[in-house]
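Several structures are given next for inspection.
The following pair of complexes shares a single chain, subunit A, combined with subunit B in the former and subunit C in the latter.
Let's look at the complex of A and B:
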C-alpha cells in the first residue's frame, strides 16, 4: 500500500520548496483561470483568451532581456495588449490588424530572447510551461494578482453577467457597457499573465477555456458553472503536477490534455443524460415524436 | 425610486421639441408631446420612422440634438429604475446556463455591482413575478430552450421587478405568432391597468393593439402626432403627417393605411415595392 502511495506521491512532492511554490501558484492560477474562463465562454469571446497570452510572451522575453521579473513583464505586456485590442474592437475594427499586432508581439519575443541570449530552456518554458520554475517572488506576485482579479470579478459579476447575456437590457439599465468590456479584457489579460509562467504562452488558453466549457455542460446556472469550472481547473492542475512529477511528462501537455479530457467527458455526460431524459419522456408521452436535439 | 409628484398630473413622458440627428441624417424633427400617466400608448409607424429612437430617448441612451426629454418631470438619466424596458427578443442558445428565473433575477438587480447573494426575499419576489407573467411552470428551464412567447413573458417579468411606473416595449410582437402576440398584449394591458403603469408599446401595426390602446403616437418621416386611434389614424391627419396623400380604410374592423411608395425607406427594395399596392397600417 505504501509502495503505491510512494510511487504516486514520491518523497519531496509536498516538501520540496520549489514544488510547494508550484502547488500554491498552480492552485491560484486554476481558481483565476476557471473563474475568468466562465465569462470568456459566456461572451463567446475566446479570441482575447487565445491571443493575449501569446502577445504577453514578448513581455516575458523583454523582462529577461532587462533582467526584470518575468511575471511582471508578462503582466505589463498582457494588459497593454488587451487594452489595445479592447479599444480597437470597440470601434469594430477589422481584427486583421489586431491579429498582425499579436503576431508581431511573438516576433518581438523572439527578438528580445535572441538579444538577451537566453538559453533554450527558458524560451521553451515560456512557450510551453514548466514544473519547477516558480520562484518565491513569483508565488507572491501570482497570489496578489490572483486576489486582485478575483475581487474585480466579484465586483463586476452582476453587470458583466447581464451585459454578456442580454446586452440590450444592460444598456437600458445604465450599465456602462464600453467600460465594462474594456475592464473584462484587462481581467483576461491578468488571468493570462498568471497562467503563462506555469502552463506556457501557447497552452494557457486551454486552462482559461477548457474547465469553464466543461462546467458549462454540467450545470444550468451561472453560479454553478463557475463553481464547477474552478473545481475542474484545480483538479486539472493538481493531477498534472503529480503526473508531471512522476513521469517527467511536460506540464503544458498534461494541462491541455486533461482540459480536453474534462471537456469531452462533460459533453458526453450531458449527451447521455439528455438521451436518458428524452427516453424517459418518450415512455411517459407514449408515441409522441421527439424533437431531434 | 423617483416618487411621483402628487401635486399635479405630471406627464409620465414629455418630449419638448425634440430633434435627433445621427450625423447628417435627421431621424426625428421637433417631436412635441406629453403622455399622461397610466395611459397605454402605441408607438406606430413604418420602418425607419424613428420608433425605436423614441424609446432610446426615453431611456437616456440617445441624447436629443435639440429639445429635452422628461420622464416623470425630470430630465432623463440612464438606468432609471422607474423605467422598465422590454426588448424585442432575447437571443440565447439552448446550452446557455441561464434559467428562466436567473434571467428574471437579473431584472431585479442585474445592473448592481457585486455578487448576487441568494436570499428568501429575493427568491419570493422572483417567484411572484414569474407567477404574474405566467412563467412559473418553466421557471427552472434554460432560457435557450424556451419559445419566443415564453421568452417574451420573461422579458416582461424582468422589466416589472423594479416596480417601474413606465414600461417601454420595443416591438415585442415582431418575433411572435399571432396567438402568442395576442397573449402578450393581454398580459401587458392587464398589468398596466393593475399597477397604473404607463406603457409605450412599439409596433409597426396598429391593428393588434386597437382594443387596448388609449392613444397612438404615430410616427412618419421623423415627425409624430399623438391622439386616440380615431383622432389620428385618419386620412387627413396621416396625409398631413406624411406630407403626401395617405388613405385610411377600415374593413371589418381592420385598419388599412395606404401610403405612397416612398413611405418605406428604400434600403429594402422589395418592401418599398410593397408600399404602393397593399400597405396595411402594418407597412409590413
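Let's look at the complex of A and C:
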C-alpha cells in the first residue's frame, strides 16, 4: 500500500521548497483562470483567450533580446494586445481583428527570436510550461497580481455579467459597454501573464476555456458555474503537478488533457441527465461535484 | 540602376531558393485568399487559425512516426475540423468547442514535441513547425501543393452561389432548398485543405495571416464578393512577393550575417495594406447579399 502511495506521491512533493512555491502559484493561477474563464465562455471569447497568451510570447522573446525579465515582457505585450483588441471592438471581439493582431505579434516574435537567437530550452519552456520555474519572488508577484485580478472581477462582476448576456439592456441602463469590454480583455491579459510561466504560452488558454465550459454544462446560475469552474481548475492543476512530477511529462500537455477530460465528462453528464429526465418525465438535473481525470 | 539594385539585391531572380519560394508562396496565397473571403464573411477566423495549429500536431506525430509531414497535417486537420463541427451543432457552442479541440490538440503537440526532443535533443523542430520557413520547402512538395490548392479553389468555385446564400442569409438559403449543412461541410473541407498545406509550407503563423489578412482588407474596398475575391488574391500575391523580396534584401541588414525572417515581412506588408484600407470609409456587402454588421 505505502509502496503505491510513495510512487504516486514521492517524498518531497509536499516538503521541497521549490514545489511548495509551485503548489501556491498553481492554486492562485487556477482560481484566477477559472474565474476569468466563466466570462470567456459566456462571451464566446475563446479566441481572445487563446490569442493573448500566444501572441504575448513575442514579448518574452523581445525581453530576452534586450536582456529584460521575460515575464515582464510577456505582461507588457499581453496588456498591449488586449488593449488593441478591446479598443477595436463594439460588443464582442471581432475574430478578424483578433487574428490580425495575433499574426502581427507572432511575426514580431519570430523576428525577435531570430535576432536574439534565444536559448532553445528557454523557448521550449515558455511555450510548453516549466514545472519548477517558480521562485519565491514569483510566488509573491503571482499572488499579488492574482488578488488584483480577483478584486477587479468582483468590482465589475454584475455589470459585466449583464453586458455579456444582454448588451442592449445593459446599454439602456447606462452600463459603459466599451469600457467594460476593454477591462475584460485586460483581465484576460493579466490572467494569461500569470498562467504562461507555469503552463506555457500555447496552453495557458486551456485553463480559461475547459473548466468553465464544464461548469456551464453542469450548472445554471453564474455563481454556481463560477464555483464549479474554480473547483475543476484547481483539481486539474493539482493532478497535473502530481503527474508531471511523477512522469516528467510537459505540464501543458497534462493540463490540457485533464481539461478535455473535464469537458467531455460534463457534456456526457448533461446528455445522460437529459435522457434520464425525458424518460422519467420530470426531475431536476443535479449539479453534483465532478470527477476529473 | 543603382536604386534598382538597392531595391532588388543582385541575384534575386536567379536564386533557385527564391524561385521555389515565390512559386509555392504564390500558390498558397491564391488558395488562401479564395477560401479566406468566405472565412471572413462567415466569422470563422478562429477556426481557420485553429486548424493551422491543429495540423502542426499531426506534423509532430508524423515526425515521431517517421511519416510524411503533409499527411500528418491533413489527417489532423480533418480530425480536428470534423470534431469541432460535430461538437458544435448549436452556433453558440462553436467558439468554445473550437477552443476545447484546439487546446486538446496543442496539448498532444506538446507531448509529441517533448518526445521528439527527448529522442533528438533539439528544439529546432519547435520553431520550424510553429513559424515555418518558405525558403526551406522541399521541392518534391511543389506538385502535391499545387494539386491541393487547385482542389480547394475548385471546391469553393463549385459551392460559390449556395455558399454565398448560406453565409449572408441563412433563412433565405434554407427557403431556396439549399442543403446548408452539406454546403458548410464542403466549405470546411476546402478550408482544411488550404490551411493545412499552407501551414506545412509557410508555417501555422503565415497560414492564418494569408487566410484572413488579404480577405479582410479586400472586403473593405468592395461590396461584391467576386471582386473582393480577385482583390484578395492580388493582395495575397503582393504580400508574399514583397515579403520574400524584403527578406532576401535583409541579409545585408544589421545585425549582420542572418536574414530577417520572411514571415515577419509578409505579416508587416499585410498589416500595412490593411491599415491603408481603414483610411477609406468602409463599404458593406451589396443588397441581396446584405449583412447587417460591418465585416472585417
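Structural remarks
Just so it is clear, the second predicted complex is superposed on the first by the 266 of 293 C-alpha atoms of A that agree within 3 Å, B and C clash if a C-alpha of one lies under 4 Å from a C-alpha of the other, contacts with A are read in each partner's own complex, and residues count from 1 in each chain.
We take it that a contact is a pair of C-beta atoms (placed from the backbone, for glycine too) under 8 Å apart; a residue touches a chain by one contact, two chains touch by 3 or more.
Fair warning: this is a prediction, and the values are worked out from it, not measured in the lab.
Superposition of the two structures on subunit A leaves subunit B and subunit C fitting side by side, clash-free. After overlaying the two complexes on the shared chain, residue contacts for A:128 are found with subunit C alone; subunit B is out of touch. Once the two complexes are laid over each other on the shared chain, residue contacts for A:165 go to subunit B alone; subunit C is not touched.
By the touch criterion defined above, A:114 lies against subunit C but remains apart from subunit B after alignment on the C-alpha atoms of chain A.
Legend: residue contacts after superposition of the two complexes on their common chain; A:266 is shown touching neither subunit B nor subunit C.
Of the two partner chains placed by superposition, A:32 touches none, neither subunit B nor subunit C.
With both structures placed on the common chain, the touch criterion links A:191 to neither subunit B nor subunit C. Comparing subunit B with subunit C, the partner in contact with more residues of subunit A is C. Shared-chain residue A:157: touches subunit B; no touch with subunit C.
When the two structures are aligned on the shared chain, A:173 is found in touch with subunit B, with no touch to subunit C. Judged by the touch definition given at the top, the superposed model places A:220 against subunit B, while subunit C stays out of reach. Taking every C-alpha of subunit B against every C-alpha of subunit C after the fit on chain A, the minimum distance is 7 Å. Once both structures are placed on chain A, no subunit A residue is touched by subunit B and, in the other complex, by subunit C.
Note for the complex: subunit B touches subunit A at residues 59-61, 77-80, 83, 85, 87, 90, 92, 94-99, 102-103, 106-107, 109-116, 140, 142, 155, 158, 168.
For subunit C in complex with subunit A, the residues that touch the partner chain are 40, 43-46, 48-50, 87, 92, 95-96, 98-100, 102-104, 106-111, 113-114, 117, 122-124, 126-127, 130-131, 205-206, 208-209, 212-213, 216, 255, 258, 260-261, 263-264, 266-268, 270-271, 274, 295-296.
Those residues of subunit A whose C-beta lies close enough to touch subunit B in the complex are 42, 154-159, 161-162, 165-166, 168-175, 216-217, 219-225, 293. Within the complex, the subunit A residues that touch subunit C are 41, 44-47, 49-50, 94-96, 98-100, 102-104, 106-108, 110-111, 113-115, 120-121, 123-124, 127-129, 200, 202-203, 205-206, 209-210, 213, 249-250, 252-257, 259-260, 263, 267.
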